[in-house]
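Following: one structure in structure tokens, then a few remarks.
Order as written gives the chain letters A, B, C, D, E and F; numbering starts at 1 within each chain.
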Amino acid sequence: MQTTLKKRLEIVIEAPVIDRLRRVLDDKGVSGYTIIPAVAGRGRHGRWNREGEISDTGRMMVLFAIIDPSELDDMLAAVYAVLSRQIGIVSVSDVQVVRDDHFRRTSRADT
Amino acid sequence: MQTTLKKRLEIVIEAPVIDRLRRVLDDKGVSGYTIIPAVAGRGRHGRWNREGEISDTGRMMVLFAIIDPSELDDMLAAVYAVLSRQIGIVSVSDVQVVRDDHFRRTSRADT
Amino acid sequence: MQTTLKKRLEIVIEAPVIDRLRRVLDDKGVSGYTIIPAVAGRGRHGRWNREGEISDTGRMMVLFAIIDPSELDDMLAAVYAVLSRQIGIVSVSDVQVVRDDHFRRTSRADT
Amino acid sequence: MDVFDLAAANLISPPILFFLLGLMAALVRSDLAIPEAVAKGISIYLVMAIGFKGGAEMAASPLVAAALAIVAGIVLSAALPFISFGALRATSRLPRVDAAAIAAHYGSISIVTFIAASDAGMAMGLAAAGFMVAVAAAMEAPAIFSGLALAGRREGEGGGTMIREIAFNGSIVLLIGAFAIGWATGERGMAMVQPFFGDIFRGVLCLFLLDMGLVAGRGLRRSAGKLDWRVLVHGLYMPLIGAALGLGLAALIGLEPGSAALLMTLAASASYIAVPAAMRLALPEADPSVSLTLSLGITFPFNLVFGIPIYFAAAQWALG
Amino acid sequence: MDVFDLAAANLISPPILFFLLGLMAALVRSDLAIPEAVAKGISIYLVMAIGFKGGAEMAASPLVAAALAIVAGIVLSAALPFISFGALRATSRLPRVDAAAIAAHYGSISIVTFIAASDAGMAMGLAAAGFMVAVAAAMEAPAIFSGLALAGRREGEGGGTMIREIAFNGSIVLLIGAFAIGWATGERGMAMVQPFFGDIFRGVLCLFLLDMGLVAGRGLRRSAGKLDWRVLVHGLYMPLIGAALGLGLAALIGLEPGSAALLMTLAASASYIAVPAAMRLALPEADPSVSLTLSLGITFPFNLVFGIPIYFAAAQWALG
Amino acid sequence: MDVFDLAAANLISPPILFFLLGLMAALVRSDLAIPEAVAKGISIYLVMAIGFKGGAEMAASPLVAAALAIVAGIVLSAALPFISFGALRATSRLPRVDAAAIAAHYGSISIVTFIAASDAGMAMGLAAAGFMVAVAAAMEAPAIFSGLALAGRREGEGGGTMIREIAFNGSIVLLIGAFAIGWATGERGMAMVQPFFGDIFRGVLCLFLLDMGLVAGRGLRRSAGKLDWRVLVHGLYMPLIGAALGLGLAALIGLEPGSAALLMTLAASASYIAVPAAMRLALPEADPSVSLTLSLGITFPFNLVFGIPIYFAAAQWALG
């Protein structure tokens, strides 16, 4: 099958900020993303574990978005505008996709 | 350590179809996969969020499978047979594994 | 933006052993990791599904850690010391990160 | 009580008020949310409790009446999609497959609407026959086949697998199972579990309806302005058509007012759990957001707040 | 009862003992854990129940007294952060922004501490006025603005968004909503849901405090030795300062002892749900682990075990 | 009542019927499922409730009798694995390490079986001594060490860490903690939480056993045909051996019938939570699916449906 190169942006970010991050990605017109809850982890801010907690503070979420390489710099800049003051990390890797049209940027989010 | 190149297939798919997808992968003899629940996301079909929902409709699951590069085309074809009519996305990336034998295809699923 | 090459270590491991794995990573001074619960999967040990289970046995967790390429062999060796007798898989892929300093190894975990 | 007293009593009952609270909280974008696992756990509790109670009351029900009511329910479930489909195609420009999918939702039922109506009937002193639980179970599936027929689909994989999946659908199995257990253990069984399945039931229902309000409100917010108003009003008049047919059949088979009002409620309610999942498997081309908004965002609140008192008033006026 | 009898009775009540059990289990690194979804579900139940009961009792409360108490609460919430900030800056070397964030926690309240105190008061026969629930709701937010002012922040994005987010914060919406529903449905409504929101309340509280003990214990273990002792003792004397001011205001506006003890408890308690989340949005430079350890690991257990009986004893001694 | 009446009464009690419903639902591949978080939450509730009640009843128990029963329990837990191991090695071709792992499961206990038996005893009017809860707690761990010894293992890391992990295992800590709290607060404490920990207990047990049925049924379906029948029957005769030894020891130390039946049930039951997790850490070479299928899929249903009435009948016949 014919595949196209895309970038997979993976962001680990503290839960209270996830809505803000989503707004930024929506505004930039990213074609899509998926959010997964993490249950435990470690980083410079220490170890954490979710079991039995009642507040969202201190929990991390993992968001990944598959985007076009041409949009990468723009997205990274936008993501860092949010992330620079918050707890979280970002990484980027290469992926191949089949249905290229699915990952076209939209001028504005559809919501 | 000596490592071998594999492909990491990552599929985001709507929850009601996950069993069908599993059946296809099982039939193809994929050596393994792991399924993770997503809690929120966005795509062409709009934004979604799980908190407090009671139906499985509209929720996405993330399935990833580490497979041999030689099997990739075959698997992609099988996955698309399911996916083409459903909501979801597929991407493929390169990964290295150490225990190669663990990822050998079996002729038929063991269940 | 200027990016640096890192390795993304992804480990699928049975839940009862996750604390042992964390201890090993902490001792090695890995700069961070994130743990995500899986809900279903398949491997050589068969198919599994979490719905309604009450014991942690048989559930898998996914841990990923973004580390420096120079630390890879060392980490893999440590991970395998735990993993070789347990159920689980390991894979490694290339990722790019922006804030390099975030992923520096610490001499000892901060907990 | 006349219809206005009933409506007023219903409107200021805690369950309905908590539903409205949830609805409003979602509309003002509050982050109030009940965890998914808890909401699912509560819905399992409610289905178990309603099934068990229905079964325990079966001793008092004549079997012939039960059988007649079940047949009436199946007829309603199979027939209503044709009306819904006809109305949608006549008034809107929805594609065939979308109209068929929506129609299937309206033939099938919402078990929570049924539970809320049972509770309201109990609060009004209009108890219903225990077998109405079995009628609810029987009405879930027929509509799905009508919907597939309307879409012109003769599923390859669908056939066998679909029937299995529907018949062994979790909430049906639980409802029928709990009903059978209640029937088998009777009053002695009921006495053993009364504090859990009886006493705290209405309070738990408040908690669940709060969540339903949140879910419905979020759905509305998400799709406000997206839906064609001709599709939207379908969510308001279709329940009334269903209830009217339900009343007719209830009169025909001689149900007393309490049970008749429940049959009307079942006919008027639209599925938002079982049918949407079935449609994702059988008619994946149909846009799930339209039918879900309609059944959960429009019809569910309408029935809960206005429909239920209307159905009870009508049943009492016609059959009381 | 004198203060020692009160303390003893409080200490051997099941809710407190389950809290201590959780604390100990976490300290010995037991893997005992209550799933997050269940803990959230229970906290929603507790807030609903306390709000509903407060509302249902409003019939018996004069509205002027309620308004006075709400104003007193707002004053306390807005003023306490300035005291907390001053004390922290005078005694420790915490950066301005961290001290301001902590101060905001101490002006705001912990609803679970409030619930435990209401329950303890009920067990002692010292019932409080229903409107104290409204006071609790009113005290959540003002402290956040004081905290931002202390940090020298005039948020760009913050302004509008923040006020929205705080006002429509889930637990506030639920508390006020349930209060309004209780008020609207009164005794009749309360009778309908008494078994769920009343009878099993204290048992559920035991389960929840077990979890709070686990959470507090884990927090303590994680940060033991990391916190400067000058910051740490803040978590012990600040509640006493808050309670003293609360007692003064309660005397001024003429609250009876039961309600006064609750106002003291609110002033003494520190937020660990709403304020930490708000601070992550508005003051992300502040280290969340310091303030969370302080409010959840130090002040919460202190209030639960020692504070509550002290506040009740003091209220009774001064106003009884 | 003779054994057949007992069996019949047990078989048509709601808890057992809900278990069978779950079992059947899983076998017909229904998608009925209770969310994991809810199932865990309920199991925490059940352990808390049974522990608390046991403790509250300790006032009525002579301490010497309690100590004797605990010693008997420890002896059973440590000894049974040797019998189980011998039987498995003699009749099947299981590798040493697998046989040892299974044997450890049979020495240890299933707390849910114990809870179901207590509830059944209560329904029959055969109450047991409060200290039987402590016996249950004491029997969880010794079997693990016997299992390790049988596997010829002298764990390096295992030693210290394992004992910690077992002793501070969540359900043990909670069971003993709740027991201690019940003991400390006595009847006054029990009265405070009776509606939650007492009245609704049996209803919650129904919900939990529904889930256990689903879990057991799924396990059976997954491994049907995979298990050697010589291993499989072990899951049926081993509980009877355990119960017989339990009865002997109960007679020796002079337990009354209600408590004796519980000791028999503990001896007969096999662990499926604590031991499987311990074995994954200590004997990772052992195949977890064999032992889990045996204890959860064979022995648990057997005890629940047939074993418990047999043990009560035997205890009453021998000691009544």
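Things to note:
In the analysis below, a contact is a pair of C-beta atoms (placed from the backbone, for glycine too) under 8 Å apart; a residue touches a chain by one contact, two chains touch by 3 or more.
Values in this document were obtained by computation on a predicted structure and should not be read as measured data.
Hopping across touching chains, the smallest step count from chain B to chain E is 2. The minimum number of touch steps separating chain D from chain E is 1. Taking the definition of touch as given, a chain qualifies here only if it contacts chain B and chain D alike; none does.
Distance between Cα centroids is largest for the pairing of chain D with C. Contact count check for B-C and D-F (C-beta pairs in contact): higher for D-F.
If you average the CA atoms of chain A and of chain F, the two centres end up 46 Å from each other. Rounded to a whole number, the gap between the C-alpha centres of chain C and chain E is 38 angstrom. Taken residue by residue, chain F touches two or more other chains at 33-38, 40-41, 195, 199-200, 222, whereas all remaining positions touch fewer.
Across the assembly, chain B contributes residues 36-37, 46-47, 93-94, 111 that each touch 2 or more other chains. In terms of inter-chain touching, the protein chains here follow a pattern that is not a line, ring, star or complete graph.
Here, these are the chain pairs in contact: A-B, A-C, A-E, B-C, B-D, C-F, D-E, D-F, E-F. Listing the residues of chain C that touch chain F in their complex gives 14, 16-17, 20, 45-47, 49-58, 85-87. Chain contact summary for the complex, chain E toward chain D: residues 35-38, 40-41, 44-45, 48, 52, 164-165, 168-171, 173-174, 177-178, 180-181, 184-185, 189, 192-193, 195-197, 199-200.
Chain A makes touch with chain C in their complex at residues 10, 12, 36-44, 46-47, 60, 62, 73, 76-77, 80, 89-94. For chain E in complex with chain F, the touching residues are 12-14, 17-18, 21, 24-25, 28-38, 41, 123, 195, 199-204, 206-207, 210.
Against chain A, in their complex, chain E makes its touches with residues 33-36, 39-40, 43, 211-212, 214-215, 218, 222, 272-273, 276-277, 280-281, 284-285, 287-289, 292.
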